[in-house]
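Labels A, B, C and D are assigned to the chains in the order they are written; within every chain, residues are numbered from 1.
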Amino acid sequence: MAWSKQQMAERAAQEIGAGSIVNLGIGLPTMVADYLPEGQDVWFHTENGLLGMGPFPFEGDEDPQLINAGKQTVTVVPGGSFFDSATSFAMIRGGHVDLAILGAMQVAQNGDLANWSIPGGRTMGIGGAMDLASGAKRILVLTQHVTKQGEPKLLEACDFPLTACGCVDRVITDLAVLDVADGGFALVELAPGVSLDEVRAKTGAPLRA
Amino acid sequence: MAWSKQQMAERAAQEIGAGSIVNLGIGLPTMVADYLPEGQDVWFHTENGLLGMGPFPFEGDEDPQLINAGKQTVTVVPGGSFFDSATSFAMIRGGHVDLAILGAMQVAQNGDLANWSIPGGRTMGIGGAMDLASGAKRILVLTQHVTKQGEPKLLEACDFPLTACGCVDRVITDLAVLDVADGGFALVELAPGVSLDEVRAKTGAPLRA
Amino acid sequence: MTGRHRDKVQASVEDALAPLFDGAAIMVGGFGLCGNAEALIAGVVDRGVRDLHLISNNAGNMGKGLAAWLRAGIVAEVTCTYLGNNEDLHAAMREGTVKINVVPQGTFVERIRAAGAGVAAFYTPTGVGTVVAEGKETREFKGRTFLLEEALPADFALIRCRRADRFGNARFWRTARNFSPLMATAAGTTILEADELVELGELEPDDVHLPGIFVHRVLEVTEHEDPFEYRTVRARAGEAS
Amino acid sequence: MTGRHRDKVQASVEDALAPLFDGAAIMVGGFGLCGNAEALIAGVVDRGVRDLHLISNNAGNMGKGLAAWLRAGIVAEVTCTYLGNNEDLHAAMREGTVKINVVPQGTFVERIRAAGAGVAAFYTPTGVGTVVAEGKETREFKGRTFLLEEALPADFALIRCRRADRFGNARFWRTARNFSPLMATAAGTTILEADELVELGELEPDDVHLPGIFVHRVLEVTEHEDPFEYRTVRARAGEAS
């Protein structure tokens, strides 16, 4: 049985090493924070200018000037700090963020990532995606294995506009965990009850297992 | 009679417009601050990280962590601020400093400035001199008209290593005030009792008057 | 010879915006609707200038903030990083009435910082191999490919802060800081909307987020809407949780 | 998978400096003797590493601070901006025992910032037409000539602050800030000497000068000499003056 979104987030949380700096993309990646064990000294960075992002505020404590990059109201943990956008992106571009967990529209077997624009579709814009994809030390993609139309999202090559070249290290989908290594996808782990054949059938590129 | 150092500083102070940001070089230029009228909203910048530098502290109030670029103990005025060196030089290089008053070893008639190194002499280093000379909106040089050996410091061309090309706007010496304009020196004002002939004789380039 | 660093405090929005002109490039701080100079933004529509080049991360949202400029038809060009669900910006893009440049956010702010810091251009790894690199020089340093990006200056910056003094020293609150301190450095004239104006010396000099050297006009505006874009909360589960 | 952002607090100078190695490039904060990491600087001599590339604005003065490294003969190369009356540095230059690179101060700190911010190189107006430009590319942007300068990274940064927490968030005092927050971003390992270590949460999050993401080791050192280079004062002329 494929992983639920919650289970994907829980699996992704295992990728977060103690004592690391993590940026969570908008949407599903944001849920990962809920599954972290306590006392790990993990610091969440949000590119609009906060390191040490905490959970959503209690009702009534919301501050419209304390938000994450998804423009949701958040909190700051003890030891957190606020800074301007140039400093925030110096953290990202300078390789100081250990891990970025990002959504994807397409991932290629060489690690190319497309997650900001569908040709002919509505352009949401780039935001921090290109800086994160090319700047964070490790890129973990969290995505459904196929599109709503059933098309593979893991491909030999992306045909959507790229976010960054060769940046993806690992992909967690509802069906499996895969590494991008030596120019191709390599199976790390299957979701319980999911067969290798099913994953292969739904992957648009060769899969080493 | 030639101007004393104090009179040169007093004359230079007249060049400081109300409501302007000023950086004073090490040595004689530092004295200029003593001759400013009150209430002019003039803000002194020192490149080691302070805007709103005040006078020397009262005895007993010295703080070794509150110094100017000449490493003298100073104070901060109400409305002053401290910042890192990148921000400080962004102020300079970005053209936010209205006026820099600098010393000189040589000034050329095209505005070239040499003030950091004498060939064969002891190299004191560059410090903030090159950034100030090329970055401040207006450069005023404050210098003796000739060297201790009686050699002209205002020349057709500098033979000492340059600090910046074509940067000098005006020169105040013990003998005169001169503009650098249209590729040459132009007399603005003579010190009391100093003759044009004397200034011409002691200037190593043509002087329009 | 008189400089611009005196008499900065403005009596009204109209006074503060007096120097604006048609065709100006105007940076506006804020991340979406967070940290917007609300009074100045509204005032620009009343001011009657047009053909503006708006440089701002989102250009408004939910019909609020800078969306008013798009609706008023006073914008000719937008440089931003993210459109999201800004329907007014999508409409402008669809109808082709406004030229829209979409820039990676880190490149956006670094180009602004470069303009303010006197740096003409810089090499960044962001955007290499993407549409962002089209028509731009790439170059290798230590075996990695970088893209040449040029400084992005503006005629005006409209920014908002929590507290300021009459010299323009400013402090921001929480994530409302974002692009504002950088935009202030990159504009010919920076206009600051402060929630509260305090006396010179009231701001601790170690804790000035934006030194007044980068600010030219200061306006105190005590009332702000500060809308939420996504009000996300968690339930209280007793005192301890 | 375990990151470097836990257990940063060091028990001793020796522990703090353990990762140093021969031939390392080491940035040291401070403007002359102002804001020096005194215990770490002294500790490096005892640590026994050599052939260091020292990157610091002044490399000591008056025989104090980093002058100890020059006297101990553990420095192979110095990148600095100003020698002034640093006799140890003049001696090293005269005798040719140390390679000395003199850099304009704004270029020095911007190259350091670039290294920390992932920018490979940038175009600056400073140094055009001077010896600084020798062997470097120049290029015109909008009719003005600029010089290409590359990022300056280091293996280590040794910096000093007034207050820090165990994550490495730091606050500086007055002009002791100078190059330190930038050097912290540009080094593989940043070691912070704090006058006072406080609990997480004691530093107001709007007023952290250096976020702990840029710091890897924290050492509390409560006693410092903090020598004056030029103690300049004015006489008290009654209460009013």
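For this structure, a couple of remarks:
We adopt the following convention: a residue touches a chain if its C-beta (ideal position, glycine included) is under 8 Å from a C-beta of that chain, and two chains touch if they have at least 3 such contacts.
A quick note: this is a predicted structure, and the numbers were derived from the prediction, not measured.
Farthest from chain A in terms of Cα centroid separation is B. The chain pair with more C-beta contacts between its two chains, of B-C and A-C, is A-C. Centre-to-centre separation of chain A and chain D, using mean CA positions: 35 Å.
Rounded to whole angstrom units, the spacing between the C-alpha centres of chain A and chain C is 28. Look at where the CA atoms of chain C average out and do the same for chain D: the two points lie 32 Å apart. Counting partners per residue, chain D has 110, 113, 117-119, 124-125, 172-174, 205-206, 209 as the residues that reach two or more other chains.
Of all residues in chain B, those touching 2 or more other chains are 76, 82-83, 86, 89, 92-93, 135, listed in ascending order.
Contact topology of the protein chains: irregular, matching none of line, ring, star or complete. Applying the touch definition to all chain combinations yields A-C, A-D, B-C, B-D, C-D.
Partner chain D is touched in their complex by these residues of chain C: 110, 114, 117-125, 139, 141-142, 144, 146, 150-151, 171-174, 177, 205-207, 209.
Within the complex formed with chain D, the residues of chain A that make contact are 15, 17-21, 40-41, 43, 45, 51-52, 76, 78-83, 86-87, 89-98, 135. Contacts from chain C toward chain A in the complex involve residues 31-35, 61, 80-84, 90, 93, 102-107, 109-110, 112-113, 124-132, 172-182, 209, 226-236. Interface of chain D with chain A (complex): residues 1-7, 113, 115-119, 165-167, 169, 185, 199-201, 203, 205-206, 208, 211-214.
Of all the residues in chain A, the ones that touch chain C in their complex are 46-50, 55-74, 76, 82-86, 89, 92-93, 112, 122-131, 134-135, 161-165.
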